[in-house]
Structures are given as structure tokens and as C-alpha cells.
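These notes open a run of structures that come right after.
What follows is a pair of complexes built around subunit A, which joins subunit B in one and subunit C in the other.
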Partner chain A sequence: MLFSRRYSKKPSPSQQFNDFVHQGQISSDLMENITEIQSVFCDTPDLIIRSLVIKQTQSQAVLVYLSSIADSKSIFNHVLHPLLFEDGQDINTEALNVSLGHIKKATSWQQIERAILNGACILFVEKQTEAYIYDTPDFPKRAIEDTTIESSLTGAHIGFTETGSENIALIRKQIHNRELKIKEITVGKRGQLQLSILYLADVANPDVLRELEYRIQKVNVDSVLNAGVLAEYIEDNPYSPFPQLLLTERPDYAAAEILQGRFVTVVDRSPSVIIGPVTFDSFFKTIDDYSSRWMVASFIRLMRYFGFIIAIFLPATYIAIITFHFEVIPLKLLLSIGSSREQIPFPPYIEAFIMELTLEMLREAGIRLPAKIGQTVGIVGGIVIGQAAVEAGIVSNIMVIVVALTAVASFIIPNYEMGSAIRIVRFPMMILASFFGFIGIIVGFMILLAHFIELESLGTPYGSPIAPLKISDWKDLFIRFPQWAIERRPLGTKAIQMKKANANHQKGDQQ
Partner chain B sequence: MKRRCISIFVIVLVALLSSCGRNIPLEDLTISLILGVDLDDEMNLIISESSPVFNEDAKKNIETYQLKAATIRDSRKYFDALATGEVTAAKIQVLLIGKRVLEHEGWFSILDTVYRNPSFSINTKVIVVDGPVSEVIFYEPDDKPQMPLYLKEVIDKNYIRTRTVESNLQVLHRQMYEKGMTPTLPKIIKENDVKFVGVVLLEENGKYVDALSIQETSFLLILMDKQKQELTLSIPITTFTDEGGIFNKNMLSIDISKVKSKVTTNYKQGKFHFNYKISMTVNIIERIFPKDKVKEAELKKLIEKELLSRFEAIIEKIQENKIDPIGLGIYARAFQYEQYKKVEKQWGEALSESNIDISLDIDINGTGAIK
Partner chain C sequence: MIKSKITLMQYIFLIHGVQMGVGVLTLPRELAENSGTDGWIAIIICWFLSIAASLVIIQIMKKYPNGTILDLLSHYFGKWIGKASHVIFALYFALLANVIFIREALFIQAWILPRTEIYIFILLLSIPSYLIVRKDISILGRYSELIFFMTLWIIIIYFIPLKHANWLHLLPLVKEGWEPILNTVKTSIFSFIGFEIAFFLYPFLQRKEKASMGIVIANTISLLAFLMITIGAFVFYSPDEITQYKEPTINILKVVEFQFIERLEIVFLSIYLFVISTTVLPLMFMTVFCTSQLAGKQDHKRHLFWFLLVECMFVVLFPPTYERNTILQQYIQQIGLILAFGLPLCLWGYVWLHGLFKRRAMQ
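Showing the complex of A and B:
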């Protein structure tokens, strides 16, 4: 009853959020328009309203813009100057003489309001029911820099920035092809957010595109903060620990995924883009896998999968063995574990939880702190975890090794989201192990496996080359085959054009 | 939503309930590593047990108890009364059986719980102690690791070097119930040190009959075709008139590798015939006498003759005692089933009347790095 009442409550009208739509058309009276603008943008000191007489037509006009986000220099040079000083007799009299590329006309207040907030300047002309919108935005932005989270050895050293148009440019730079299409969608009522879905029209599956578009259009919220928020709105299973959409800040990786037949959603104001549909193995690949030689890349990739298993199951296995199944430990190890565990006052699961939680806290503390203090955290953590805790008899030596191995194994996963997911999954496993030993771990593993099999990403199977089994896709799974051996796109993306290369392997001298 | 919350709640409760059972961290257990079974002078069953002590304050790192009990399982309650933690049998490395126990028929049934209780480790080494078990189990030498580790290592090492038979609980069980084979167990003795001295040969019902020395065991293992690593033998060349003097100048050491031991089984004239064809590659590793004393072809014959006499001695011992540690009964059953079935119950006797021939073929592969 408690739950049902709480969740069946219908939202009252006052809780439905305002649509903020300013109805109405602009008037032909200039003064009326100015009054309207001032009433809409009250308490907005950076709003500039400049009256002028257009030399070309000798009519009264008003130029309106927000000085903080509009580019003052281009307004002076390309709007104000031509309007004030050029008579423009040699040109067609219809259009006003402005040296800008992007000019729109608007009649509704809704359009004008949005344009002003996007950094445009608006020209109201006396006795005209149309206003001119000159696109002159100048938002503060960051220069293109090296990637910070997904660093790479041999990949490109360019990361996405917070400007959507620039991010699109970075992808276009990689794919010079007219089939690279962009679908634009706006999301968010208050903080309107421009989304662009990039894909190859002759490769990517239109059904998946429709699904993606539909999900994005269904998002009806006040504001979407960044790509991560959007991903959470559109992902398939919100109750899964695994990420079902891949966020990346690497243009080269995003472009590579587009070429595989996937969709990249560029979110304005966010330095990462959303790649979908993805499969589980996407989170274990880096761009370096493709730029290093295939044997090295395969070895490292196998280590990542190994690390994945270690990070989930090692602490649980430790608990299970110490608590239930000490028989499986070889005799000599048993004696050394026994003597190191002897002084520990806690049962193994409490010991493990203390250490694992300490590790997680240390890791989190290290991320947010400024770099200089971050080092201190490392030292403190190293001494506290590594030495003092053991000497004080709170945790055993073996536990420290287990925790350290787990940490290293979870850091080897190249994708941050997946790494975090693994760290979360570890804890239920530890609880199961402390209750039921190996049987608990096996049950946990079965649940995880069942969940993994049913998981989808944008309606395509998440575990693709493994479950459903698609042997031909295994060329780029655990072992990365040489590039010339991979001639087809992965089946998991449901691409409509599968072949991407012809047989390219060259043997010996060709000439 | 409501249903989901309730089901999660129930799962948590069930988990907590069913896990109240036994989960004891390993440091709180008394993990027996040696189990001893012996008889005292009044023929009372003596069970002893030895387990490691993890506590740093304890001066000794091993605790050993010995007591009278009706059965092995019965002894646990007395051990629990003595030891710090719960006594558990899951990690027993070595089962010591006193020779005195083996002298009585039907001793094997005392080990019933070892097989019936699934928590017992089936890999436990079974070792016979010539003398009282307590002397071995309470022995704490300064220059050796803990006794369980030491005994396990000694047996394992000798097994790898083809000096003792495989002897864990599983193998013993099979040998006891296999009609075409009699059990063999390694034997240790406590003199100044605890040392491995060879194997004991048991009758079909488990009763002690005879023992083999270390070197004899090696030959037995070749007959069983269970040779592991290179096998080293030092043999006196007996043809020399002089006895070798203080420096044993008639000794020859050889490394035997690549042994092929084949048996063919026949039944003729009312008895079994087993023909062994053993071929082995030999490397001379030590030769005390000068080269010119024996020619190479002659040397080969001498070695063959010497080895053959050793094999025959063992076979004689086996037939005399009416036992079958080699497992020739398994061959007989495989190839001469009808005849074997007739004598199955008295296989030892049938084997003692059968004819076992050995033809040996050695190949001297190398004579070492010096002339």
C-alpha cells in the first residue's frame, strides 16, 4: 500500500512545467516592438537596443542583441556599418545591404526570442511586420585540446570541445563523404539543446535511426545538461549496471564508429558524443588497438577481458574461499594465509568491505581534488591501506594484495563507465559470496550472464558477437585480426552495407 | 513496484536465514594435517592428529594430540575438547598407519569414514609407520619444516623419482577392492630421523606380508610400467674377482630412461604365462673401475644380467607371498577372462603357480662426458 499510493499519485496541474511559449506576432509599430522586447527581457542589463536610420531606405530601425553572447565586432563591421553608411544603390533594393552570410526573417516573437538567446542580433524596421535575424553568436569557448580522459598513445591528439558545430567539424574532418548525413533535433524546453545525429546514409540501418530519433523526440524535459544526461534518458535498460551507450571524447573513435554503421549523437555544450548502438565488446576497445600491431593489440585486449573477470570475482572468491572452501588453497598458501589472517578481528567479508570501500573512496577523492592535493591522497592512501592497516592488524596481507589486484584490473578497462560498472557489480558478488560461498558466486554469475544476454542497445543485441553468436564478428573481439583480414562491418550494427574492403593482403613483391 | 520491493525484501531475508549455518573463517579452524591410526600394547585403537597453530603468541606452530577412541569419527569429539578451533578433516595431507594395525586382518574398515564423509580429502597420502605412530607425529626436528609438509614432500619427491608407489586414499581404496591386485604402501621409519625406507606389500585382505627396499621398489615400478623420471641405479659388477676395496671399485651407476615394459598374457597347461619384454635406454653416469677392465659389449651383458637377477628376485618374493602388487591379475582378466574367473578368489595362489618370464633388452646410449 505504501508504495502503490506513492507511485499512483497523479501530477497536479501546477506541477506540469511551463512551456514558455511567447505567442503572438511582431507589430509594424517600432515603439510597440521595443516595449515588448523590454518586457520580455526585463532585468537583462546586457540587452542592447540601438536605434538607427538605414541609409539605404531612409527608414527608422532598431537593432537588438545581447552583448554578452553576440559578437560585437561583426555586428559593428558587418551590420551597423553597412546599414548606416552604405546607400547600396547598385544592388537590388529588396534586400538590406548587410555583409553577412546567414540571414533569416522572422515574424513571431517566439522565433525572435530564441534567436536573441542564441546570440543573434535582430533588426526591426519601421512599418515592417518582419524582423531580420543576423546570426552573430560569440559564446565563450575552449580551444581544441588533447583528450583528457581517453588518452591515447598513437591516436589523434584532438578531443571534442563544448561547441557542437566544432565537434561536427571534427568528425567531418575524418569522413569526407556526401553520405555523411546529419539529423538535427532540439531537446529541452528551457535550455534548448541542439542535437545532431551523424551517420552514413548508405551504411547505417534506417530502423535503428528511427528508433534513436523517436527516443530523443520523446524526451520532454526542462533542460538536458550534457550527453550523459541524454544517454540516461534514451538508454534501453536503466536498471542495468552496464552502460548501453558509449560516450567518447575522441573524434577519431567516433568517426571510426560511424564508418562501422553506427550513429553518433553530437550534443551541443557537451565535450563527449554518444555512440549507439554499441555492443559489450565496444567498451574493451581503444583506438590504439588499431594503430598498434595486431598481436600486441590482441594480447592487451585479452588482458582487459581477464581484468574484467578479476575485478568482478576476485574479492568475492577471496571471501568464499576463506569463509567456506579453505580446502581449495594449496597447503603452503593455506599456512601463510592462516598466519596472516590470525590477528584480524573481523570476518573476511567485513575485512573485504572495509578495504574495497576505502579503495573506492580514495579513487574518488583523487579524481576531484586539484592535482597538487591529489598526490597527497595517493601517499596517504598508499600508507594507510598498504602498510598501517596491515601492521595494526585490521586487514591481512592477502586482502591488500586482493584489493590492489582488483583495483589494477578495473583500471585496465579503457572505458570509464564500464570500469565503474564493474566496480559496482563487485559488491553484490561479495555479499553473495559471504552468504553462500562459491555457490553464491556461481548464482551471481548466472544472473549476470542472463542479464547480459537480454540486454539491448537501441534495439540491437548488446552481447552481439558472443550472444547471439556471430562467429564472423569474432575477428575483432578477443583477438584483433590483422586489418586486411577484416573485410566486413560488424553484424551487431545491422548495417545495410556490410562489405567495407576488398581482399588487401599483399604477399611478397607485387611489381 | 510493490511486488518487486517485496520480492527483494524476501530474497534478502532468505539469504540471511539460510546462511546462518557453518561459515567459519579458516583461522578459527583447527585444520588437521596428519591423522594417525595405531594400536597400543593393549590393542586399543589410538588416533592422533596434528594441526598448525596460527597464533603468534604460541611458541610452537603445530599442535598434536593423541588419544584412545573407538573409531576415527568418535575421536573428533575428544579432539574438539582439546583443540582451540573446530577440528576439520578437509585438509588432511598424510594418513599414518602403524605397522601394528596392518598386522591384523580387516583393519581397512576402520577407514570407512574417510571415504564416506565427503569432506575428507581423497588425495591424502597413506604412509605406513614401522614402529609407533606417536614417535613420528610428535617428532619435531629443528632442521625440517613442519612434519605434515615434510612427510608429504618426502613421499612426493620419491614418487617422482620412481622410488615409491602412488599411495593416496583413492588408490588404496581401488587396490583394496581390486581382485586382480594387492595393495602396496610406502613405509617410513623413525630412527634418528624420520626417513622413507621402501614399501610394504599387503595381502588381498590388507594384512602385512613383506616389505621392499627403495631400490627394489624401483624395479617393482618398472614391472608396473609406472616409471616416472630418469631412474638411477648403482650396481656392483660381480664378475670381478676383487671385491672393490674401500672405494667400491666395482660399482657402476646407470641412468635408465625410456623404459618400455610390455606384458603378454597366455594360459597354457593349466597355468598362466606372463612374458615381460622390457627395453630400456641406459646412460652410464658413474663408473669407478677403469675402462679397459670390461669391453662395452660385455658391459651391456653384465648390466642386463644384473638387472635381470633383480627383477627375478622381486618376482620370486611376490610369488612366495602369494600376492600381486604388480596387478598382473588385471592383465589376466583382460586377456584370459574365463580362466581368470575360475581362480579369481585365489588369484594370489594362481599367480604363485604361474610362469613369469622377463626378457631384457638394454641399449647403452651414452657413457658420459669423459673417456
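Showing the complex of A and C:
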């Protein structure tokens, strides 16, 4: 009885997932087709239905398009004008002489409906069961601009825009190679979204591609808003604090990752693309690392990893030392900390939480507010929080220094997602430290490591050159070796063609 | 049958990780108690013995390369002995893991957080243990590998107190004859126990032809670590003083002091928990591996959960003390001696004879 009740329950119509497919074929009767179109697109004032007589064949026809998203100018010049006024006697073909490049034919209503919504214009001809689709989209779009989030000193000053085809063009501009393949997938029932997976066919691993395609095809939703939403649907472990797919708005970075054997998923309508599979160290690299000299780049990269450690462990270590292990620090330092904490009524962890949460709020406020008000936030943060809180004896000077250091350390991480992840991981560490001191930090670190080791990105190990250890990949990990020393693609991508350069570095004054 | 694989490096560091654990902290005292400052010679003898036993283990496993020792025993001696071996190995690893796990907590209590109860540490350490051990052996391999390289820098700290060293303490060599040294072998051999997990690791190894080399390297790394620590302790302390400390290895660090850090040993011991975890976690894995094989299950997650729960209950019901832990450790080490040295030798003889008779019969 219990079982039957559970299984006999049928989903009510409101819970059923409507797939919106318009079945059926177009008919040879023109009037019937027009009625059908009008019934499908009722309450659509921007739908244009234009009847005409084709001069070439002297047959009745109807042109249908959505005026808001179709390019009216090219419809007039390249579709309507030739059809109405050119007789095409000199051309011995059956095809209508329309001066457009992209012409398709369709028979089903489903195709036609989708084409209209993508900005195409449709030509129905009397007594034909095929309709012509002329691709004339004109969606509003933004001009290509400099990148806003991932700024770079010496890299290209071009960022992706919201138009998928333009983004593909930006990547193709970097890689002129016929092995650059594009796989197209459509996702979303209502807001159909065009995804293009770009990869090098002779380099990238086909198993990973299959995995990526499988995961994208499994996404069965109404609409996918942007790349971030898609990334959340296809990532390996949703319960991980770490991002497992990299979002970038830089075409040069995306192209560089394709050349390493990775896959770039261009999401139409989204100004960032998804790179996968990635490893942990991908989030600590920028395009500038490769365009500046290797020593400088390595130094900055080491600073980032150091910042990563500081941002996670510094407040926790401070709490642990002050609460449990004050004998660890030398007497002089202890005295100066003690004198600064003299007036403070709170235990260190409460003090730390107050300051850390304030800082996070200030940061978020600074991002969301318009630039003109944003300055006010800085003043409020700097003077009120920094100065006044210390003078009022709510937090100690040392705590302010610790919090400021962690903030700077977390801002040095070039990837925004990873920086945010670190900020979140910091809080459980602080709680553990306030309960168990160093032991709590070590246990927290162990849990973090356990998670880091088992994490995967599209089925490839996330911690790749570190765990599992792959020494040959360390050339581009903490220290970036000179370009001529890196001859192979990283093992972490499981690329099928490893070699990417030949050792032909000129040493000294050779002839 | 076996899907996950471990690389040679992971294999080496798994074995080395199991050997290098809590024993090192007390090793210099135990050696000095028995044979004075000549104790380090005993370690080298033990190294020879353990390498011999390790190589025998690899030779045995070569006869049955696609299964663990449990499959091998079932293959040669039938189902019931196979089942019994599951139980024996599971009990052995469980007790060993239990002893070391509790000892780890005892050290934490003694050195870092004296006012916290033992069971809280056990509870706390169970969380990462569960997260790491619940996956397959390759995750554990990656962990051991990572921890080895992550904690390698501890050695550098160890060289700092050596400026107070008095190298004359080591001389003359063999001052009281070989007898005390050979007696010490009996205690110091336990430091090397742990290589018997090769019985279980061998089928997972990617390149099996390197197994012998790998186990020799693992033993040698352990040897170097033990030698460095014992000789360091012998030259640092005077021969009589060393036996007064419970854990001379940690006490050495008391003299190290930087401008920014005093009481380095607290920091050191906290970080050393990582090293101890590479001993405990593989042992836990072996325990639940044996029991889940016995139950005929692929997934050992549930067994692990129960193991850790029983562990916590055990600690709550019988609050451990250092003395009781030491007694238990002595018992389990005797069993370890049999399983790590006796079993391979007997088995090798049997397998060899078995092959011989089979060939005769074929002819």
C-alpha cells in the first residue's frame, strides 16, 4: 500500500516539464501556413508578414520575420528587392536569386519557429512544401572593448562580448588552424542557448570531450542564463568550495588554454567562456605571467601562492596563538600584542569575526555600488572601521593588521572565483582554531587536502601537478621556467599530442 | 578486478609513510636504553633484515600478481584459510591503527592541549581520516606522496640544534661489544614494520617490475630518516641524559628559538601530525579493505564509518593512558613481527616447494 501510493502518484500538469515542440509539417497551401504562423505568434506585434509575387517564377509568396531582431536593411536589399524586381532569366537554376550567403530550407514548423526567433526571415512559396530560411539576424550587441575584470598589462586589450559568434571569431583570430574544431550544442527548452565547444582535434583528449558533451546534453532546463549558470550545472563536485571550471573574458587566455589541450565552451549571450578541464594551478596564472620575463613572473606567482596560504591561515593562526599557544611567540611580541589587547572586551575569535565580516561587507558594497558612491565606502571603511573601532577599544590594532593582511593576500589571487573561495574557507578555519588551536588548524588543513586530492575537473585530477605528483609539469607551476624550456603540454589535460615545441634555444653566440 | 592504480612514487611513499610514524619520537630513547650510543648500528642491521623480508614479499607476490595476499592464500590453501587470513590481517591492522591513533592523541594531549580530553582528539582526527580513506588506494597514495614532500622541510629545522652537538659521544664505536647491539635489534626492528602493506599494494602497482626497487627505496628513505634522528639525538644529549626524556626527538627542538617564534616543538608536533596520519590512514585502509573483501563488498565506506565509530566508543569507554597503550603496542608488535618477517619466509618456502612439486608432476 505504501509502495503503491508512492509510485502511483502522477505529476500534476503544473509540475510537468513542457518541451514546447511544435509538431507538424508545413502545408502547400499558403493561406494555411499564414494562419498557422499567426496562431503560433499571437500577441507578437513585431511579426511582419509580407505578401509578394516573385518575379522570377510569377508565384505567390509570403515573407515572415520579426522586425525587432531581423536586419530590415538587408531584407530589403538582398531578399525583397531581388525577388520583386529581378527576373533571373540569365541564370539557369531553379533556385530563387537572392543575394545572401546563408540560405537553408525547412519543412517542419519546429525549424521555422526556431529560425524566426533567431532573427531569420522565412519565405513561404505557393504550392511548395519547403520554406526558405534566410539568415538575417540583427540582435543588439556591444562593441568589443577592453576587459574589465581580468585586466592585463601586456596582454591583448580585447575582451569577449555577449555575441557567441563574435567570441568564436576572437578565438579563431588567435589560432589559424584547421584542427580547431567547433562542436555545437543547444541547451535550454525555452531560451534556447547555443553552446560551442572549441578544441584542437589532434591535441585534446576525446574522452574528456565526450564527458563534457555528455554533461552539457544532460542539462535539461528551461533556460540557461549565462556561462556561470552552465558551469554550475556541469561541474564535478557542487559541494566543493573550489571552482572546478575556469571562466574567463580574455580571448588570448582562452586560446592559450586551447593550445594546451583544453576545451573552451563559448556560451552565446555571455561575455565569459568556460575553460575545462582545469587544475588548481590554472587559477593562479595570468596571461601576464607569460609576457613578462620569467624571473619576475615566477616571483609574482610565488607571491600568489603565499597569499593563498596567508589568506586561509593567518587569522586562524592568530586566534590559535592568542587563545591557546601564547608561549609560541617571543616575549617581546607577546607584550606588544598584550598591550594592544589590554582594553579589548572580546575574546580574539569574536574580534576576528567582527573585523572579517565587516571587511567582506565593505568589499561587497564597493563592488555593487556605483563608482561615485563607491568612494564613500572606502572612506567609511578606512576611517570608521579602521581608526574609530581601534580607538573605541572594540578591536585591537594587531587584529586590524591581521585582517588587512588577509584582505590584501586574497586580492592578489588573479581569479575572482578562487579569491572568493579562499575567503569562505577562512571562516571554518577560524572556528576550528578558536576551539582547538593548532590542532584545529591542522585538522582543517587535512580536510582541505583530502578534498583537494580527490577533486576532479571533467574527470581529470584537479590537483594535477601536485597530487598526483607530475614532476614534469612543475616547469609551469610555482616557478615559470623560461619559455624555451617548456616543450610539452601539461599532463593534467591528458592531451594526446604532448610535444608543443622543439628545444632550439640559442645558447651564446652560435652560428 | 582491480581498477585503481598507484604509481611507483606513490607506492614508495605509502610504504615509507607507514614506517615513519609515532615510533620515531621515542626511538632514540629506546635505543639508548638498550645499547647506549651504539644504538644506531642496530638500525642499520634492522634495515638489512627488513629489506630481505621485503624482497621475499615481492617474490611471493610475483607468483600471484593480480591479487593481494588474501587472494594468494585462498588460492594456495583453500577458502577457509583464506577467510581466516582476512580476519587475522584485519585484526592486526585494526589494532595497529588503533594503537598509533591513540598514541597520536596522547602526544597531542601531552604536548599541545593538556586540558582537552582524548576522545575529542580522536573524534576530530576521525573526520579527515574518513574523508581520505573512504576513496580508493590511489587517493591515499596521492596523499602520502603530497605529505612527504610537504613535510620534507622539517629536516632543515633538525639541523639547527646540531650546532650544540658533541660528536665524541658516538665514539668509540661498539664500545660494549656486539651483544647489546644485537639485543637492540629486537626493539628497533619495530620501526621498520609497515613494509608488509606491500602484500596489499603490489597488485595495485602500475609497473610491477619496479616493485623490488621501490620497496628498497622506501626502506632506505626510512633508514636515512631514522639514522638522522637517532644520531642527531645521540650527539645532542649526553649518553645518560637521553634516557630521561620520554620523547627526545621533540625535546631537541626546545633549544631552537627564532626571533619570531619560541617553543618550536609545539609547531613542529602540530605539523608532524601530517606525518603520523600517513601511518594511520593506510593502516585503516588495509583494515577496512580486508573486512570489505571478507564481506564481499567493493565499497568500504560503511566499514570505515563503523571502524571509526568503534574507535571513538572505545576511547570514550576506556580512557587510554600512556602505559596501557605501550603494553598494547608491545603485543601488537609481536604479531607484526610474525606477519612481516615470519609469514613471508614460510610462505616463500611453501610457494617454492609447491612450484617444485608441480614441475615434477608435470614432467
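Convention: the second predicted complex is superposed on the first by the 494 of 511 C-alpha atoms of A that agree within 3 Å, B and C clash if a C-alpha of one lies under 4 Å from a C-alpha of the other, contacts with A are read in each partner's own complex, and residues count from 1 in each chain.
Definition applied: a contact is a pair of C-beta atoms (placed from the backbone, for glycine too) under 8 Å apart; a residue touches a chain by one contact, two chains touch by 3 or more.
All of these numbers come straight from a predicted model, not from anything done at the bench.
Undergrad: After the superposition on A, what does A:I75 contact: first (subunit B), second (subunit C), both or neither?
TA: neither
Undergrad: Taking the superposition on A as described, I'd like to know which of subunit B and subunit C A:L335 touches: first, second, both or neither.
TA: first
Undergrad: Just subunit B (first), just subunit C (second), both, or neither: which does A:E327 touch?
TA: Touch partners of A:E327: subunit B and subunit C.
Undergrad: Just to be sure I read the superposition right, which of the two partners does A:L180 touch: subunit B = first, subunit C = second, or both, or neither?
TA: Neither partner.
Undergrad: In the superposed arrangement, which partner chain does A:Q343 touch: subunit B (first), subunit C (second), both, or neither?
TA: first
Undergrad: In the overlaid three-chain picture, which partner chain does A:F436 touch, first (subunit B) or second (subunit C), both, or neither?
TA: The answer is both, since A:F436 touches subunit B and subunit C.
Undergrad: Check whether A:I447 is in contact with subunit B, with subunit C, with both or with neither, and answer first, second, both or neither.
TA: The answer is second: A:I447 touches subunit C but not subunit B.
Undergrad: Of all the subunit A residues, which ones make contact with subunit B and with subunit C?
TA: 324, 327, 329, 331, 436-437
Undergrad: Which residues, counting only subunit B, touch subunit A once they are in their complex?
TA: My answer: residues 1-2, 5, 15-16, 18-19, 23-27, 29, 31, 33, 52, 54-56, 90-91, 93, 119, 121, 146, 148-149, 152.
Undergrad: What residues on subunit A touch subunit C, complex-wise?
TA: Against subunit C, subunit A makes touches at 324-325, 327-331, 333, 436-443, 446-447, 449-451, 453-454, 461, 463, 466-469.
Undergrad: How about subunit A: which of its residues touch subunit B in the complex?
TA: Residues 1, 3-4, 7, 322-324, 326-327, 329, 331-332, 334-335, 337-339, 341-344, 347-348, 431-432, 434-437 of subunit A touch subunit B in their complex.
Undergrad: Per the contact definition, I'd like the list of subunit C residues that touch subunit A in the complex.
TA: Within the complex, subunit C touches subunit A at residues 7, 9-10, 108, 112-113, 116, 120-121, 124-125, 127-128, 131-132, 135, 138-139, 141-143, 145-147, 149, 257, 259-263, 266-267, 270-271, 273-274, 277.
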